[in-house]
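Common to both upcoming complexes is chain A, partnered first by chain B, then by chain C.
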Partner chain A sequence: MSTMNTSAVSGIDGHGDSLWLKAARKFKRDRVGMWALFGVFIYAVIALGVVFGFWGGAWADVTGPKWAPVSAEYWFGTNIIGQDIFARALYSTRTAFEVGLLVAIGATALGAVFGAVAGFFSGTWIDEIIIWVMGVLDSVPFILLVAAIAYSLGGSPWAMHIAMIATFWIGTARLVRGEVIKLKTLEYVEAAHAIGLGKVKIIFRHILPNTFHILLVQATISFVAAIKSEVILSFLGLGVKDGMSWGLMISESTFEVLAGFFNNFIAASVLMFGLVMAFNMFSDALQDALDPRSVK
Partner chain B sequence: MEILQYSLRKLIAGIPLVLGVTLISFLLIVYFGPDKTYDLLGKNPTAEEIAEVRSQLGYDRPFVPRYLEYLHEVITFDFGNSESTDEKVSTILSRTIPVSIALALPGFILGNVLGVMFALLAAYFRGRWIDKFIMGFAAIGMSISFLIAIIGFQILLSSSDGLDLFPVRGWDTSTPLQYLRYVTVPTLATVFIALGYNTRFYRAVIVEEMTRDHVRTAKAFGTPPARLFYRNILKNSMIPIVTRIVFSIPFIVISGSLLLESYFGIPGIGKVTYDAIITGDQPVLKAVVALTAILFVVAQLLTDICYRAVDPRVSLK
Partner chain C sequence: MVRAVATCQTWVSLALLLVPLVACSPGENAVAKAVPGQKAFRYSLDSAPTSLDPVRASTLYANQIVVNLYDTLYAYKYLQRPYELKPLLAEAMPDISADGLVYTIRLKQGVHFIDDIAFPDGRGREVIADDFVYSLQRHFDPATRPGGTWLWQGRIEGLDDWKKTGSDYAQPVSGLRALDRYTVQIKLTKPYPQLVDTLAQGFSGIVPHEAVEHYGREFSVNPVGSGPFHLVSYDTTKAVLLPNPAFRQEPVDLVFEGYNSDTQGQYGIDIIEGRSPPFLDRLEIAFIKEGSARWSSFTKDNEIQYAGLPNEQVNRVLASTVPVILKPEYAERYHMRSALEAGFVFSAFNMDFPEFGYNENPVREQRNHALRCAIIKGFDWRSRNDSWYSNLGVIFPGVIPPAVPEYDTTLSAASVSYDPEGARTLLAANNWNAENLPVLVYGTTPGPTSRLFYEQFRAWMKRIGYPPENIQLKTYATFGDIAKAWRNSELPLISKGWGLDYPDAENTLQLFYGPNGSPGSNDGNYNNPEYDDMFRQASVMQPSPERTALYRHMNRLIINDCAAITGLSRRGIALWHKNVIALPDRNFVGGRFLKYVDIVQPES
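For the complex of A and B:
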């Protein structure tokens, strides 16, 4: 009887379902979003394959002649010193995921914590300080910050990741702060205060989980931004230090392009475009699905 | 008078921001930055020579006086001479900033004007094929890396494999025609990428404004579409649009063109900054960071004054 009741209630128009159930249902109906998710999944499989050593391991080996054309042996040809472009492109997919995931997780976590704390204590000095830090970091030119962090870490390969996390959390923190300011006046938070819960517990157990829809979307945005920044930083010599990435491939290709050899450039550009496009579409669909204002 | 007072108050309120930015940049670039001692010494230096150079560079002094000295440099805008070219930093800046503005301005204007126009079109035909076409195009612009767009346009327009219409790289503003020849390819790449982000942002703003009650009322009263769009929608969407435009100015003047300038070999401030990063030229880096922070405070002030011009309800108190 009780099962019938719930299914009857939730079956009509999704009334009474959680935000997540509704969002999942809406997302599944979004054809573009589903295709985009499928695309991201394929890239993730490629990246995992590299991690487990199925392919892409020979990216640094000089195996062929210089600038070999596309063939059965070299699917995308070879580069200026005879390395297999296909292997390099696959390995770079792994690098892209490594950079994207690390930065997305780091930036979103930082943004969540600082945004929630600032929002909860809005109007006090804690909030003022966090806003000041955000404003300061926002006003430092990004590439200079990367370079400066690289200096002070003595050229560490993680300087790029740290610099991205140090700047990308701000957007998330601003959104979370705004949402928390709204949430903290709701009755359930008042109730939590009334039964004597500590502030830390209220912020992190009761308020922050309710901003998770923002965090999820922001994480996808940070992921894309990280991959795009990596390409430019690597080209400028401030990005990936040891390893291979799409940015390094493009940087390498600028000489080849002038000589009329495009394989390296096209392989890196198309693969990168595919992943960024798929992730952007996925992010959009996710945003639509999680937007409580559009009830459909 | 009211505006003057307001501006002054705002500028004073911007001091903590400038202090913060200079503190961070000082910490990262100078205090924890590269040790320059051995760059200035010959082979087999003695301990006295090392100590002398270190005291020349100020490494033996405590943190606070060194930071205060930097602040003094910021206030007087005298950062000394560049370590790599020995030219006065302020001279370098005044020589290169106009180049960067000449390079960035056409792309900046076109990217924003076309962005608003496409956004209006897409919003007006919301859900129809024009909207889908424009937004699809914007999604592509958003997903292509700026670097790839630059190289792509270069191959298409200035290489012998493409149309070969424009010079491959370099910069020349001796005649307007030369300027056009050199500025076209960078501008196209900039506009292509900027349109992706701008169109999406502006469309969202305009659509939000279009669904408001006062627009529906005006429509019901029979306001002609052109007037409706201009007076009821565009004017009201100006606040977020102006904010976005003004806040992108500091980065355009300082570092926005860093990639463009270093790729095309254009002698603007971006190229100078990039060279300073590579060689660790601290006086130049310190000047660039401080200038960006100051421009940011000014941009904030400008947006607030623009709000006042667009929206009479905003008071400058």
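For the complex of A and C:
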């Protein structure tokens, strides 16, 4: 059946290659997209280097004097208590990826499941309940929701992740629902019904895989949104509890900037800008490449 | 006809409605904005008080305003340093019996409360001895939710029993009586040398019972006192006070107030000599939490005229920190005063935690002592002073800060010397290693500064071999939450600042007195019988070399027991505009200096 559904989608353009192969070809031709991917790759390498202990491990150590300027020893200078800003900025890349990946995977998975179920059962009470839940969660201001979740979880370090997943899945679910409503009327799904396959199997084995192009794009969007939200939430004291992040660095810099010391602020802002920009451009390129209407 | 009457009534009603509006207009405008030519002083505080009722004047912010609205029997002299008490509403210093148990205080005659609708004819009546008795009794009435009970608890004969029997104001208290219209008698259960100091605090502000009864809970925002100012508007951003027109005429005697022309001459204070305060036409107190916003408002020149120098502006504003000197461009525009706080910051170990404090196993207790001493050796006070206080603070050993006369200049500085090598040696000698060092939960409130305090502490501990993962952060949503955790003995280390209530080391030593353990002020639950005996002995002694010797001995016990990482007194730098004639002091004098503020060039 999986061969059947793939050809069903690839049949849109009438050529023999799959959507994925064509998308990959198109993506490779997109120079901006490739540069963006390279940028993301560099950040990923930095994050992995921190995970494996190659660099950034001394982010918490007090090694230098207060507000040391940029030097060969301290590439980005030191903060008010003498911590190496470069090490803290590198470590924050890991935090960004950790938050981005967890939230992107969690929100996409949740959105895929609920969107697919709602779409498959569109017009029924199941669909209505899921849409109602999405509407309710959408109506709560994001920061308030995070604060409420953080408070209810007693200051858990996962409160921020849970709050983001709890809100980010909705956008994905709405898109998947629409796609599934379209897909469920196609012949291959009717054939699956005809041979007696169960609804769960039809949804998750035969329909959902055909929404992967949407999920992939949505995952990249969630990734970027999670990084930005983490920075904002950490700045507000609702984010990272014990660790380091660009948001915390910017939060620290609020009183440093007034004293004329900008290193913390610049380091965190530039690194965050670079990653968000690269991921946004990567996401745009991916979206273009995976758009079935434009894949040739 | 009926219709015509109705129309007429409507017009009359409208006219009656408009009359008070028109009548109110000038007053409202006067409140809203200063009039050109007025002597207006725009002061600032870091936070807004939650209540202006003297029984709840627990915060520095409330106290600063309360002492300007209410009279107390005593006050600290405006300019005298070290601080010295003087009579305020009292006619003179108290007559004290030979055994130190009976205080007799005469009140000034002819002092009146401000006019208020709470009084039968709207005119403030005379302040009498019964008002003082009533005001102090309110601290023992649970209905007032008092904050200053601890000052007199167990001290005044019959007052605690009066509370136990229902706080009935009709019932007399044997130890707190008005002997006649102007004479108060206080009988103590045991000598209390700091009693007169307590009568100089905002807590002891004298209130009229008519106003308390009239306003009920709203009394906290409708103050009716006999102080130099009265309140005309108050919200979370600003309080506006106008001078009390009936305030008694008491010309300033600068010599009596402790004026020193050598050290205070540059402020121009001598112009108030012989004149009766208050000198202002209007006093505005802005509540601005953010230091940067306060600084920005201050430097605009047409907003607040007083601000503390924020830490982040020190390098920009000061030419030198030792001694504190302003850069010329700032010295041209502002007066400056730098002074050590009457208090200190410290971290007490919670001795009730068997991992760090007292332990049933004597061997472990010995090891815990070594562990605490090692942590103290690993604590880098100089770096803390540099990072957070621009090296302006004074680091001192023990818990008797430099602001009090009992401060011991001869004490060894070993307990405040950074010695990571010594700490590592001490840990190793007592079988402490990375595997068996206990988890230390570091409680804090949210915010980048609190986090960096924690990270700094953790980094220092790492240097002495303490695994960073064993220094764990626990964030409490508000200061109230962490204070509750301290009271409930939930944290092994209590990091806090303490501001002295009166200039007597007893006020800091009581922080380590055994019976004051959690939920009392001894958050660290330090419990040393020798210390407690000495504290009891000293608590009934008048200031003397013998009492000072006892205080200093107790101080050394705390150091030797490694009961606390202590301490540092912060230096505050206050700046005010050149046209403001004052010597601001936020320590014991609190907001009382506001009475003496004068403006030499009113705004045109």
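Observations on the model:
Convention: the second predicted complex is superposed on the first by the 280 of 296 C-alpha atoms of A that agree within 3 Å, B and C clash if a C-alpha of one lies under 4 Å from a C-alpha of the other, contacts with A are read in each partner's own complex, and residues count from 1 in each chain.
Here is the rule we go by: contacts are C-beta pairs under 8 Å (C-beta built on N, C-alpha and C of every residue); 3 or more make two chains touch, one makes a residue touch a chain.
Remember, predicted model here, so these are calculated numbers, not experimental data.
Bringing the complexes onto one copy of chain A puts chain B beside chain C with no clash. Contact with chain C, but none with chain B, is seen for A:Leu248 once the two complexes are overlaid on the shared chain.
In the superposition on chain A, A:Gly237 makes contact with both chain B and chain C. When both complexes are overlaid on chain A, the residue A:Phe273 reaches chain B alone and has no touch with chain C. In the superposed pair of complexes, A:Gly198 makes contact with neither chain B nor chain C. Applying the stated contact rule after C-alpha superposition, one finds that A:Asp61 touches chain C and leaves chain B untouched. When both complexes are overlaid on chain A, the residue A:Pro141 reaches chain B alone and has no touch with chain C.
Of the two partner chains, chain C is the only one that A:Ile81 touches; chain B does not reach it. In the superposition on chain A, A:Glu256 contacts chain C only, with no contact to chain B. Between chain B and chain C, more residues of chain A are touched by B.
Of the two partner chains placed by superposition, only chain B is touched by A:Ser152; chain C is not. Following the chain A superposition, chain B and chain C show a smallest Cα-Cα distance of 5 angstrom. The interface of chain A with chain B overlaps its interface with chain C at residues 151, 237, 254, 258, 260. Across the complex, chain A is touched by residues 291-292, 295, 310-316, 383, 386-388, 446-449, 451-452, 455-456, 458-460, 462, 468, 472-475, 477 of chain C.
Against chain B, in their complex, chain A makes its touches with residues 132-133, 135-145, 147-149, 151-152, 228, 231-232, 235-238, 247, 250, 253-254, 257-258, 260, 262, 265, 269, 272-273, 276-277, 280-281, 284.
Every residue of chain B that touches chain A in the complex is listed here, in rising order: 16-17, 20-21, 24-25, 27-29, 32-34, 139-140, 142-148, 151-152, 154-155, 159-161, 168, 250-251, 254-255, 258-259, 262, 273-274, 277-278, 280, 285, 288-289, 292-293, 296.
Touching chain C in their complex are the following residues of chain A: 60-62, 66, 79-83, 151, 155, 237, 241-242, 248, 251-252, 254-256, 258-260.
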